[in-house]
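Pasting the structures here.
In what follows, subunit A forms one complex with subunit B and a second complex with subunit C.
After this line comes the complex of A and B, so read on.
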């Protein structure tokens, strides 16, 4: 086979495989603009008169998902905020400072990240029920911290380790004090890392489902749970399900594309070092 | 400057503990304490549907598993689901990464397409597949099989097809992860090694087997570790697509523990099942990590 033929084959095969990933999402996007009748047309329609009625229905209709978007936003933003407040100092200590049991405690944090969620949701259900905290924002935010905090600490450690020691040392010699060195010298340098961490913590919290379905309820019902309920109520209304999914997933799709250059790092956090830290 | 060494060390230690302890103590409280509570519950007879029979059960819940066919079924499914999805992800992801690496232009588009499944919530992925992709007659897959004259299938209604379907869904969502990580790793390999091998007349397969594979082995092991953890606690996509059914044909251990606890309200037995899943997760991750450390030295 000549070089040109080889190139064409390469493009064809990889293009096919990649479209397997993109197509269902694009198909859902198209479907969200169809009338329910066009959805079930055979052969399937690629060209049709688009309608916004599905979006109008899922946003402002009787089963509007706006309250659910609000729930998701409150839970996700609170969880992200608390995670960062706790994770930034902890990650700095873990990456930079000497203190007893540093390695062991770092490994402990990594291990908490690997817990199967079902093992947590059962005791949380019983405990929150006893305190009357089911179906509250506080309950969900606390359990969201169980996965976002270890993740954020380990992701941030990798960014703290990337910055050079010299500037901190200079600041310390100037008797600037450790707090000032951390705040004025170190943090500005990991701004990018903190941004990436924020994106991933937000993304994971937004997409969470099991905790939300068990510990949420009528008042606090994140959008992932609303989507799930949607399908059981409106079995055949695919266009509406598609429109709802598009709205629910728009934030994470946007954030994912925004952070695409960092996604490999975000996905492999911990595992790179976890096996044997220096 | 009047500061002696031990003073500086003391100061550093105090500073470190102020920064680190809040997170550490909080994690003890919100992850480890609940696990102790879970273990305690697994020793109880605790059924929210029948609260009057509550009481200490010792290892009764664990003994019960021995003769519970649904438990052994879920254990087998967990093994099948985890191993097949991880193997498929590595095989497809690696092949695709090797292909795309040779493409001079257009890699960016493929990377964007690969990110889409990863960022979607698994529950939404389950819903997409249940409706648009796998629904009988009008789903994308059936549209293709009908067009090819292969007939239509009840992908999520037939026990065997349903198992294949949930494996396909998980593979679809997470293969991009293997692809992206391996592509990034492959791109960092030094080209002169391959040049030398080519001059030595090693063919493409020999170059892959003797040079590429050993070089990317750590990355592959890392992907295996992370993907195994995800597969062991896969939930939302299966829950949305089949709910563990039909019957118990897609009920992996994670779903069984969930259904026992929150559908049948048998919290005691559900806790014991969750403890078994936890033990399996820890055993697997420990084995894999040890394997990796051995391989890297």
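After this line comes the complex of A and C, so read on.
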């Protein structure tokens, strides 16, 4: 095949992949501007008179999701913050220290990711109940830490391992001491990795549904759960659900855009050992 | 020359689990000295340097700097600076920030740092690169940044771990000379690790030769070249390396493959020895070791001739050109004063 043909094929295949990914999002985007009646029209309408009533209803109506957005934000930000606070030192230690069963502990951390979350819902429920932490922010944040922490540690270790130890030794001789060597020399260089980890942890916590629906309640109800306000036995208000999704997606997309540069760089650097100059 | 920066190591040893990397090393380095730790890879020279820096804990023994016991002192508290083989520059900082880092860590003012950085950078000729990042520099420039980062703080000792090994041959020679000059100007005690015996010979005031985790000889380059204390040292120092020939030493004569040579001294009993002859100490004579010319290496201003004498391979180095041809039969001999005699059993020097 000639070069031109190859290019065309490449674009065709990637176009196909993108449209498979983008279709539901676009469909939800369009739906969010339709009236409930237009949503159910058959055949589906591509041209219609857009309305903002769904957004009005979702944000300021009787079952506004604004308090739920706040809940999501509190839970997600706290979970992300504590995850990073604990994962950064843990990953650094795993990358640097030589202790018995180092490999085994690395695998153990990853292994916790392999448990199906459904199997944990009931034990978590019972544990939180005993502590009186059901339907509280602290309860949900702690549960989120159980899955975000191992993931974050595992992701960060490879970034720390990429920093040659000699660089820290040089800092030690430059009178920095352990902590300042970490702060001035190591952390700035794993900045990309920390950005990537932040985004993934935030994303996972923000989109989490199952734990939120079981362990949350009336006081703590993240937006993923609140979306169900618009689905009832009698009817599903698809346009409202779509508008809610759009609103819920916004913070994540914003974060993604902000961290985009770091993510792309961070992902490639982390993946290929010593790949590229930094 | 400053009076600070003397080093003493006593019975320093280092073990990693079962393996011993350093056996009871004793070492004394005088203030202001350019001291080279020389040895093949894995001989313990870098470990010794790292112990001196405080990066590696000792398994036994003691280390003193200026009479003060620093065996368990943190690296940062020893007032020593190090240039790593990889340079270990901080890639996220500019050259100026790299050089100024050790000063920033002790809380010097911005202005004092800027002045000191400028001066250090000027000294090593990189003043025009201060705003660049290490990734944008050539290997030689990076090496200078590492050097500037070491000299900026006026430490009492410089520790250099094969600082020239990542440079190309021409740059290495130039930098070697500059390094020597810099050390003379600053007068700071310098401990320099290398496996390159030529580097050691040209730079050092004194050399410690390491073999298999032990110091086998300490002395000036002249001492070590002129009177290597063991067969191993003899074989390691000098290019091309010394010819080591099995021989028999009886009274005043040395017997090599049936040819007799005068011994430099008298032996009361007959001994199995190894005679060491530097390639440029061999002479072509009418009698002596009979050898056949195997190969001639013409290096322009001098020539190395490779001989075969039975199972032995011998090298002769001479000035200018030779009119010998490959395959020709000759006899080799040497001045008894230039012969190095070693015990064949334990490799120790006998004369």
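Just so we're on the same page, the second predicted complex is superposed on the first by the 228 of 278 C-alpha atoms of A that agree within 3 Å, B and C clash if a C-alpha of one lies under 4 Å from a C-alpha of the other, contacts with A are read in each partner's own complex, and residues count from 1 in each chain.
To be clear about the criterion, contacts are C-beta pairs under 8 Å (C-beta built on N, C-alpha and C of every residue); 3 or more make two chains touch, one makes a residue touch a chain.
Remember, it's a predicted structure, so these values are computed and weren't measured experimentally.
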Superposition-derived comparison: subunit B or subunit C, residues of subunit A touched: B
Touching partner for A:139 - first (subunit B), second (subunit C), both, neither: neither
Partner chain in contact with A:171 - subunit B first, subunit C second, else both or neither: second
Touching partner for A:193 - first (subunit B), second (subunit C), both, neither: neither
Which of subunit B and subunit C A:185 touches, first, second, both or neither: second
Touching partner for A:89 - first (subunit B), second (subunit C), both, neither: first
Shared subunit A contacts, counted only where both subunit B and subunit C touch the same residue: none
Parts of subunit A lying in touch with subunit B, wherever the complex brings them together: 7, 10-11, 13-14, 17-25, 27-28, 31, 39-40, 42-44, 86-87, 89-90, 92-94, 97-100, 102, 105, 108-109, 112, 114-127, 142-143, 145-146, 149-150, 153, 178, 203, 206-210, 214, 224, 227-228, 230-231, 238, 241-242, 245, 248-249, 252-253, 255-257, 260, 263-264, 267-268, 271-272, 274-276
In the complex with subunit C, residue positions of subunit A that touch it: 164, 166-167, 169-177, 180, 184-185, 188-189, 277-278
Subunit A-touching residues of subunit C, taken from the complex the two chains share: 53-55, 74-77, 80-82, 84, 86, 88-92, 101-102, 105-106, 135, 149, 153
Subunit B residues touching subunit A - in the complex, by the definition given at the top: 9, 11-13, 15-20, 22-24, 26-27, 30-32, 34-35, 37-38, 41, 92, 96, 99-100, 102-103, 106, 109-124, 127-133, 135, 137-138, 140, 143, 147, 172, 175-177, 180-181, 184, 222, 225-226, 229, 232-233, 235-236, 239-240, 254, 257-258, 261-262, 267, 270-271, 274-275, 277-278, 281-282, 285, 289, 292-293, 296
